[in-house]
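Each chain carries a letter (A, B, C and D) given by its place in the written order, and its residues are counted from 1.
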Amino acid sequence: MLVVMDAHATEEQVRAVCARVEQLGLKAHAIPGSSRTAIGITGNRGAVDLGTLESMPGVVECIPVSKPYKLVSREVKEEPTVVRIRTPLGDAVIGGKCAALVAGPCAIESREQAFAIARHVRDAGGKLMRGGAYKPRTSPYSFQGLGQPGLEVLRAVREEFGLGIVSEAVDTETLDLVEECADMIQIGARNMQNFSLLKRAGRAKKPVLLKRGMAATLDEFLMAAEYVMAEGNYNVVLCERGVRTFSDFTRNTLDLAVIPAVQARSHLPILVDPSHGTGRRNKVLPLSRAAIAVGADGLLVEVHHDPATALSDGTQAILPEELRQLWTEARLIAEVLGRSMN
Amino acid sequence: MLVVMDAHATEEQVRAVCARVEQLGLKAHAIPGSSRTAIGITGNRGAVDLGTLESMPGVVECIPVSKPYKLVSREVKEEPTVVRIRTPLGDAVIGGKCAALVAGPCAIESREQAFAIARHVRDAGGKLMRGGAYKPRTSPYSFQGLGQPGLEVLRAVREEFGLGIVSEAVDTETLDLVEECADMIQIGARNMQNFSLLKRAGRAKKPVLLKRGMAATLDEFLMAAEYVMAEGNYNVVLCERGVRTFSDFTRNTLDLAVIPAVQARSHLPILVDPSHGTGRRNKVLPLSRAAIAVGADGLLVEVHHDPATALSDGTQAILPEELRQLWTEARLIAEVLGRSMN
Amino acid sequence: MLVVMDAHATEEQVRAVCARVEQLGLKAHAIPGSSRTAIGITGNRGAVDLGTLESMPGVVECIPVSKPYKLVSREVKEEPTVVRIRTPLGDAVIGGKCAALVAGPCAIESREQAFAIARHVRDAGGKLMRGGAYKPRTSPYSFQGLGQPGLEVLRAVREEFGLGIVSEAVDTETLDLVEECADMIQIGARNMQNFSLLKRAGRAKKPVLLKRGMAATLDEFLMAAEYVMAEGNYNVVLCERGVRTFSDFTRNTLDLAVIPAVQARSHLPILVDPSHGTGRRNKVLPLSRAAIAVGADGLLVEVHHDPATALSDGTQAILPEELRQLWTEARLIAEVLGRSMN
Amino acid sequence: MLVVMDAHATEEQVRAVCARVEQLGLKAHAIPGSSRTAIGITGNRGAVDLGTLESMPGVVECIPVSKPYKLVSREVKEEPTVVRIRTPLGDAVIGGKCAALVAGPCAIESREQAFAIARHVRDAGGKLMRGGAYKPRTSPYSFQGLGQPGLEVLRAVREEFGLGIVSEAVDTETLDLVEECADMIQIGARNMQNFSLLKRAGRAKKPVLLKRGMAATLDEFLMAAEYVMAEGNYNVVLCERGVRTFSDFTRNTLDLAVIPAVQARSHLPILVDPSHGTGRRNKVLPLSRAAIAVGADGLLVEVHHDPATALSDGTQAILPEELRQLWTEARLIAEVLGRSMN
């Protein structure tokens, strides 16, 4: 259910409604909008006495929400959510008029590798670097990431280059560590329905980047974000990274129509990962252009200065000079849509 | 097999090689390039005596082609094919530096409807109008198109508005009629592997627009074009229109990565149909922008001045004012790629 | 719409209703059931005056049919349709309590090959032999079947071994020839929505075997059968042959749940083709057992005495000794379901 | 790599090879076969000195394994693995000549519900009952299972009815609890690539039931089992439960061809879950028959005495009388394959 407050409702009135909701054994989520505040109520399996809420001061109306998702929904919050990632060089902004570029290696392999790539990311104009210390791999015998030493390298990259850090957590234990080190916590496609991990991410103090699962429907994708938000973390950025189909010339099939579909249903920003989405270096630039043109709020791109020696996913990493070209093209196309890249 | 001629080979030398090939019971396809001519040889199931060809005047080398496709392949012809559609207002150009917009109703319903829409297409800047007189429909009880009277309407549109006509043939009988009336013959997705129809299209004198089947792999798509070319019609334009996947918020999943994939393997131009590709009006503009940004050679778009009353596919047709916006945005994005729209 | 006749209605009364329907510009399909006749009405796009029909002698009621399919539907005809294929050795029966085995090579390659395999089919206990004279092939350069000489071989097989012949038509021209030679006309998966071909098959005098398209939904599959029946040919047998999915260890993914799904909606019998459905010889026997166990009305199986030299699809053809084992196992499993194999 | 021991090698010799392998920083997995022991070596990213192993007493040869999976592979262990689940009524056996029936509710809802269903399972002849105390649900607002009280109910079912208990763990915390209470630990489809959970399951003392992910390829499925085995738990049973495709008349598409495909590559037993695989009650019996006919090592079936009131997945649960019919039919079909149900 959704409680819509009056445009002139005081903060005190909002707090009073929330308190009453909690008294009823439910959870209240006050979501400030540009003109008014809405209060989403979750946890209601039975009958909450609506009357008592509608008669409270400052309440305009109570709307029963029939859609399976609530907090992620545009019904709850009409304006697009803008997520700010703190970096030493100032905030990176994802959403609204701003599209962001997140670039970096698939996995952190060494201090040298990370620094070499970080330099290229910063020089290309990026504020955010991606890089995994923990890698979910199909085989138990593949390189699984450096682990904690990898996080130390990322901390050093942050200090040395001023870049904000985006890194993946693969379970609740590593989420504790990533939360401490990184500026944004990534939940990978294989964990999109790892609900224990989503709940833990919902209690984190850092923004969450949630990737779509390989076979996730749009509803399942948004409900996964709902798990995070239901625990109180509203800084969620979605990411399309390709779905699994019969089509065999790319690693996955990038489903770009999901961008306008998400934007019609949800206020959350959404990025596109053309590196995993295609799995082929020569398709990353064309699909990056397409992603910005379709209206995505940014790109998550793998870049490597020496892809041939990469310990994972070398075939899909672009080269530093391609990153510069991507940045230029993306900026020009974003302008056509009245947006800017950062 | 592929015979590469010397850059200075005379036309006579090319003809002599072709004649020898035909003597051997095979089919020769002379494909002129910007600097040299290549001769594709098809029909070879056994052993052609290569030696006799390599020793002929003007021949540089004979390359056995291992790929399943030959005439569609970049190995045979490196430069992109540019297809010109004759229209009363001058040629519409698809390929190379030129991307084209083909717009119009799903089906021709009446002279009034067709003229109303044609006016919008011309005013928006388009040179080519699509419109079906024969409609393949899932149900035998659905509107199947006006048939021959529909073709007469299209002929009138051509005369009145100067637009080139693109219309679908659904079998060999209707192909005869469409070939006579239209400037470009469309083969629909359901007929992509109707090999008898493809062969007939290969003997047509008009360019062919070949749509990808709903579950066609890239190889099957290119091989379908090969069927047309093997009969001698080299003016083939491909068209991505979405594939069938589990993803359920759009009618089909538009597979935009197929554009760079086709361009890497083939010299043929390729359009994108965002109307069938998404099945939702509100997704046509975003995906049209994405299609041009990814590098497609144009768009095939359904437009209707009164979609609510359309006899087929009204939910995916855009409005005339959306067509004008699409045209503006597409042109700006094409410029970023150094291309122009026509 | 559906007109249900009284159990005691005379043939004359049925004819009178049909005549009235035709007068109204519609098409009447009298479908005799075990206890009563139903008359399906197709072609009704506007308003037929129901009253005039309900008041006719022998009419019980007029039911508006909302489902997209009519003639294929269980609403029109409750008892399962039993299709009888005439063979020199007596009728082969598909449907009801009878499941049938149709076996033979993918393509007819020569009289020797066809006779060798026919002997194995007959000795294993089969009454029906499959074998293609016209083969739809992905590549224009692959073996496309022997054509008319292949049909002559099939005619000779029929005479020599007494087997009924099932053979594919790929366009309206070849359908004429196949209809003359074969006892059952196969429409392949790629042509499931070749509506001109379906209509022609609907005017044929022989039963039709209609294979499911690679990406066909259940509704599309049944509507394709509706195209055939709407032209007057009610002897349609469906065939599941695998759909296209991401799953890559088989050529297609055999969707056996379609069998009970078809049986819930339609009275038409349905076979399973485990040869194309898996594309792997070692999976044909297990999936054949599964098909009979799930309740299919028979099997369409490729068999070859020398698969290594087969001109097409050799990797999925089983050996003669495997055919005998298949027959034994299928019969035992059919018994568990109270059915018999023929 | 794989070390094959002599048929007469002593246990001491096997231990000595394992010790040497561990000295080299690798992991040794001694896998006793019917005639000889093989030792799988995992963790080898660089160069192990093979020579030192081949010269050890009792070693026949060292085989480099190129396949991505090792411990799950038939190359390592040729005979099928037989997993025994301890129950108060004696062992339930999965694999080899024995196929097993695991039946029960989707979720444990109350002591009354669980006991009512347990009685039906036992009376039908089953030894194993499934029932979830922890349910991974798409929505955070759906019933998530009773949690620990649900496990207590299962413990009581075990005592009262003598049934072995199969129950799902959704994270490492709940795995501790499930391991204590249940006789077999289920890992659900959404967690098939939750590698932290797989590793924890690999250290459990109870057998593991691993369900295939909705979009998992065969290799990914087997590699997930490899994660469990690489930690030392060799009692792994796989389970096909349907994959996600375009086909929309069932909840998932049951991919029965995966059964012979797994059996060709791996020694692990594999069950089929026709309840999730179809999502429709009226398809559970036909697909159960098909699963046994294709050669599966058993069934995982949802049953409910009052599906209309079930808190989750009521539409796919069969009724107690259907369970009895399923048991009868499955036993008869298993006999055709020379197997018995338990």
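In the analysis below, a contact is a pair of C-beta atoms (placed from the backbone, for glycine too) under 8 Å apart; a residue touches a chain by one contact, two chains touch by 3 or more.
Quantities reported herein were computed from a predicted structural model and do not represent experimental measurements.
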Same or different: at the chain C/chain D interface, is the fraction of residue numbers used by both copies above or below half?
same
If you tally the C-beta contacts for A-C and for A-D, which one comes out higher?
A-D
Centre distance in Å when chain A and chain D are each reduced to the mean of their C-alpha atoms
34
Report the inter-centroid distance (CA atoms only) between chain C and chain D in whole Å.
39
Whole-Å gap separating chain A and chain C, where each centre is the average of the chain's CA atoms:
51
Check each residue of chain A and list the ones that touch at least two other chains.
215, 243-246, 248
Residue positions on chain B within touch of chain C in the complex are 42-45, 68-70, 136-141, 170-173, 190-191, 193-197, 213-215, 219-220, 223, 226-227, 230, 243-244
Complex contacts: residues of chain A adjacent to chain C
244-246, 248
Residue numbers on chain B that touch chain A, as the complex places them
215, 217-218, 243, 245-250, 253-261, 264, 277-278, 282-283, 286-287, 289-295, 329, 332-333, 336-337
